[in-house]
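Take a look at the structures listed below.
In the two complexes below, chain A is the common chain; its partner is chain B in one and chain C in the other.
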Partner chain A sequence: MTPTVKTLVNAEPEGRSAFLAARRTSTAVELTMTVLTVAVAVLIAFLVILATGKDASGALGALLTGPLDRTPRIGRWLADATTLSLLGLSVAIPFRARQISLGAEGQVYAGALAGALVAIHVPLPPVAAVLVPLGAAALAGAALGAVPGVMKARLGANEIVATLMLNAVVVRVFDYLLTDHLRSPASAAIQSDPVRPGSALPLLSDFFGVPLDQANIGLFGMLAVAAAVWFLLARTPLGYRIRMTGSNPEFALYGGIDVPRTIEWSFVIGGALAGLAGAHLALGVYGGLQPDMAGGLAFEGIVVALLARNNPVGVVAAALLYSYLRVGGDVMEQQTDVGSEAVTIIQAVIVLLVTARALPELVKRHLARKEAGR
Partner chain B sequence: MNSVLDVVLSTGFLAAILRVSTPYVLAALGGLLAERAGVPNIALEGSMLTAACAGALVAGYSGSVWAGAACGIAAGALLTLLLGVLHLHLGADAIIAGIGLNLLASGATAYTVYALLGDKGGTSRLHSGALPSVRLPLIEDIPGLGPVLSGQNLMTWVALAAAPAVAWLLYRARFGFHLRAVGEFPEAARSVGIHVHRVQFLALALSGALAGAAGVFLSMGAVSFFVTGMTAGRGYIALAAVFLGALRPWGVFLAALGFGAAEALSVQLGNLDIPSQLVSAIPYVFTLLALAFFARRRLVKESV
Partner chain C sequence: MEHRDKPPPALQVTGLGKTYPNGTRAVSDVDLEIPVGEIRAIVGQNGAGKSTLMKLLYGLEHPSAGRIRIRGLQVRLSGPQDAITLGVGMVHQNLMLVPSFTIAENVVLGVEPGRASRVDRTAAAERTAALAEEAGLAVDPEARVDQVSVGMRQRAEILKALHRGARILILDEPTAVLTPQETTDLFEAVRRLRDSGMTVLFISHKLKEVREISDRVTVMRAGSVVGTVETHEATAAELASMMVGREMSLEVPRTPARPGATVLRVRDLAGPSVHGVSFGIAAGEIVGLAGVEGNGQTELVELLAGLRRPTAGSVTVDGADVTRLDAAAHRRAGIAHVPEDRLSNGAALDQSIADNLIVDRYARPPLARRGTLRTRRVRDLAEELIRRYAIRAPHPSVPAGALSGGNLQKVVVARELSSGPRLLLAAQLTRGVDIGAMHFMYERLVEARDAGAAVLLVSADLGELLALSDRLLVIKDGRLVARFDDPAGLTEEATGLYMLGVEQHTDERITAGVG
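And now, the complex of A and B:
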């Protein structure tokens, strides 16, 4: 089907509707693929649990229905998904510029630290008491994102190593500051003083009158951030530059795009979002600083971004799915003798299936063979 | 300050550096082989963890530390072969597949230990034993060096031997020549009849086996049981050592020793009034600076 002059001339109206139709189909195909991938991963977990001689259907029942059983669990799910979405969005932006930034972990701790320091020590009027710590957290995350960004864009340093090293440094500095300087004398455990009441993110329980654990208005903030990231990537010049840099840096350069500057911005904006995720943990979930407070969330944010193919709306959906499995895993462990690690296996299988593009590839090969045989 | 110097200059501390560096050296040399073959191996962490778990479990159930060590090393190699299948055959991104495999390793090891022993923490109730420490009569008598080397665990000796072995393999052996050719320019290597994928698979297997040996040291050398998540990011640090060592065997070896020395120092300084977290952060700061410096130097060279 080589384009003739006629089709080229007529391309305007027909082409657009055909393009939109094709995009709808490809979205539908991708959605089906994602659901299939998750189903296959759950099936594999089912077989693994069965192989260890445990009650697999009971365990998976608890895993899949548990999070909706009680309202506090729903709250935990939403709070977890909020942090995870912010982290997923934070890496999706550099990923879009084809920068493999693994720095979210350090940025989360920097954000939590900056946000909590302001929220604990600075008395502020209402509203500002919440917004100023959030701004501080975003700034801290952005500053930390700028370091590997500049190193990669201006010096050509490997961003994977740079971000991993920065993580190691920041986590240790955080640990040192928390144990040696910020530790609350009032508490036996290692943790900071609680944030001022006015600075804590208001809990959703207070609005809806049902116990929702730590879920807070950060949820709506996250949705706004996701919309903003979508707008940034799809509708702004910077977003265009980021996407061009990611899909073909040489072409972007010839097209007059300042590729190094674009790479730097992708790191800085990503860092700011990871900083906000840290603030959500410090001001919303924990109400202070705790050792190891981000757990493995930063790396799971990478998984979420990957699962969503760096699409902002998809990131939120993937984070909701992912957190659902996390909370379900805890329920499963409480109610059955199957460890919550089974969920990690499910998550890992999802990652491997998605990145390998194994399913479509195998299906395609199978179909091709059928056709050839006919 | 005197007490710090006393600590640093004691033979006990030098021996501790070797001990602490062992997993870094082994895993980093493994990472080097994969990297030079053109496949970044982020799954070092997962290989170590899988090997540490498999080693302790097999040793505990079979009663033989040797069977445990062999199975551990094989398990480490198996995980990187999986990376090879995903990346080379199924078109997966090596970095993301590596992260996925690390996730898989952390889930599968914890799940297996809990399912078999009912203990979330690890295999401490299994009494799996450790690999023997080695005393060589001649080396023991060398003044200065003797007390440092003597009585080190078998795997520490393996790590010390691995550096020259990898250097020989890369620069003197035919396979190493092929490996470097494949890593630098696969098309050219293919055009002269080198089996690119076969070389890469072999490099990955060796890489995983070395990372596996590092994991075996953790659960059957440093201590004699597996602890959930006991690698604690060492695989990622080893990866950094690969780049800090400028992708050369002896450079990588020294970088890994540097990370080990800083960790050993931070443990020692825990007794004194110096914050151990800050000391243990030093090698990472140093790596960042070195990364920027070397990248800049290359940039300057290229622009000339």
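And now, the complex of A and C:
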């Protein structure tokens, strides 16, 4: 019996510092990898543009510096990131409960519709004029989220099919209502009346005195929501139930967690957040309803959640990064002869790299080999 | 040329270590020297580093320190391919064969006879049959793997290693899946291989088998080699004490039970695979439930835990009817449950140890207040349970899946026992757990009993039941067939007669005093 054995048994603090150090390292590696993933995607897009014989460096320059060139572009970037963050958070919560909810698109339109209807037609005192439409939007999104939630949790319906089909229905209903009932007679284009001035989300340009396009206080609202989602998941019993249900539903059941109820809540909360994203579009960005106002953002929210691996703080960071590329892509399209399809390539490569988790694995393997060689 | 008087050992490792990126030090500073033609057993508790060591030797993991020499030649194994090329074969605990292929096809997989692009099936079958004959491992080369017994699959795995020219054979817990007869056959074949010059590494934690098969035994503990002894010179007790680091008896010290009032009353309970079961358990007694696996034990425990709904009968705990309530209500009634398969529903593997420890109490004070989880208290509780239950983990936020089987079981037991249950349902408390942890669990179980819990102990290990039970029930085909109110002196053989249905108690005797 050697004395080393005894020290090993009592070596808890020593193992602890090693564990904590290893955890810090791996967090740093993960962060670096996420940035690197995007960089690799940009590089691949660069090579593709180069292969088409166009001015690749000019296009890349426009893509990467364009959004910061003028303050209105910064504003567009922030407004886009706000919507995208809310959508990313809205799918991250069901994802955490291991529910693949693709219903954000329908929920965005439901939220926009409910929020705009209140904001256009109901006169309200200040503050309430903003908060009530937001609440209506969240409620509409939540109600729409509850439908597939209940179908999945109680009836065992496939949530992917349920949410996608519901999207199809809701978007058509939205289009119908907008074209046939809500269309502003004063306007030539298909759009609703503008929301009452008191209900529009206050613009950031009014605070900062520089033109910031449609960026509005929704940005701070979104940051608060992200913090709340983090708190929900990490620090509340409901968040605990969501995490356990997502990790191992059998374990959750065994532990006495009401798994169907938890699944429903994850859909409802996700729906409410997507509804808020819709309100941000209707009350902040467009000041009313327009056809196709979400423009595919709902599905980009899924990419953002993936990229952030459902971490609320990560979702905000990923959305900022992603929106930056979207705005940069528009600038690139305007200033060069390269279309914003290049951005689609970047997005596709990001999705592929992230879902395959190819880069982190390769780097980790490389590091391990280096360590082994020492 | 080197000295011819002493050939180099088949395998020699010096200072071998493996630290995982998450900081877990699985193996540290291991020296090992195994001569050609020796059967060397490697024993140790769960998490002692046996499996990691073998993975290092087979190239599945890369060492963070130390050297490996095979037949005197220093090697670096970048993967199993390198190990196979150097004549190292491994038979995994979970067999790795293609189920829809025949045995012969599996044996030659990767090194097929015949020209490229075509596998010569006849040659494969002949080669397999010849190898099987030579090694004394009976297989049917033409049979499909998914249609043969586990024993034959394992023999096919060994033949596969032989076909690839293995001269060092690693067997990782080979007997875990075998019947006694298959084990005897395997040992015979292993001896025959040894006599033809094969070096065998035999990983196990079953001391009895180790003493039967090996020439020498190397004991590992906490990632290090404690020592190597000649098998015929070591007793089981010596080996056990080397494994756990203290002298220990294989007896469970316990005082006679002092049963109090009846806690659990089960009347005519019926459900899937359970047909009209009646019994009671008093505070402060351990009631064992014996039976051949698959006779309704699993279902009975899940009925009592609220994970299944009964079709008839009633269950009361401390007089309160819980028959139709859900799992949460059962927990509120003071029922704790160590599930028989910790991986399927006993833990959330990608969540932290702390989160795994609080699933039954996360929503109420002191851990939650005004809708908020108090993470500081959760962490303190986890730290305390990790210490009290000797869970080998560096930090409460380590994911439960990073723990070895025995340590994960300790997490489950820590959670269930620390809730201070009125009724404890303990199913397969020590399955896959090593001898040290086993004793620990027994002590905790008796402790819970003495604290006034009613305990239902279900186990496939009859010895364990007889050692721990204050009363013993036997279940067969979903019905209770025997009841022993004083199992002292009862033998495994005698109990076996009831388990197999050769003998039976009358219903009056079984249900006497119940209800």
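By definition in this document, the second predicted complex is superposed on the first by the 337 of 374 C-alpha atoms of A that agree within 3 Å, B and C clash if a C-alpha of one lies under 4 Å from a C-alpha of the other, contacts with A are read in each partner's own complex, and residues count from 1 in each chain.
Rule of thumb we're sticking to: a residue touches a chain if its C-beta (ideal position, glycine included) is under 8 Å from a C-beta of that chain, and two chains touch if they have at least 3 such contacts.
No experiment lies behind these values; they were computed from the predicted model shown.
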| item | value |
| --- | --- |
| Touching partner for A:244 - first (chain B), second (chain C), both, neither | second |
| Contacts of A:71 with chain B and chain C, given as first, second, both or neither | neither |
| Partner chain in contact with A:335 - chain B first, chain C second, else both or neither | neither |
| Chain B versus chain C as contact partner of A:184, first or second or both or neither | neither |
| Which superposed partner A:205 touches (first chain B, second chain C, both, neither) | neither |
| Footprint overlap on chain A, where chain B in one structure and chain C in the other make contact | none |
| Chain A residues within the chain C interface of the complex | 1-2, 4-6, 8-9, 12, 15-16, 18-23, 25-26, 234-237, 239-240, 243-244, 247-248, 250-258, 364, 368-369, 371-372, 374 |
| Interfacial residue positions of chain A with respect to chain B in the complex | 48, 52, 54, 100, 147, 151, 155-158, 160-162, 164-166, 168-169, 172-173, 175-176, 179-180, 299, 302-303, 306, 339, 341-345, 347-349, 351-352, 355-358, 361 |
| Footprint of chain A on chain B - complex, ascending | 40, 42, 86, 90-93, 95-97, 99-101, 103-104, 106-108, 110-111, 114-115, 120, 233, 236-237, 239-240, 243-244, 275, 277-278, 280-281, 284-285, 287-288, 291-292, 294-296, 298-299 |
| Residue ranges of chain C in contact with chain A within the complex | 19, 21-25, 62-64, 221-224, 226, 242, 245, 305, 307, 326-332, 337, 339, 344-351, 355, 358-360, 362-363, 368, 371-373, 375, 394-395, 397-398 |
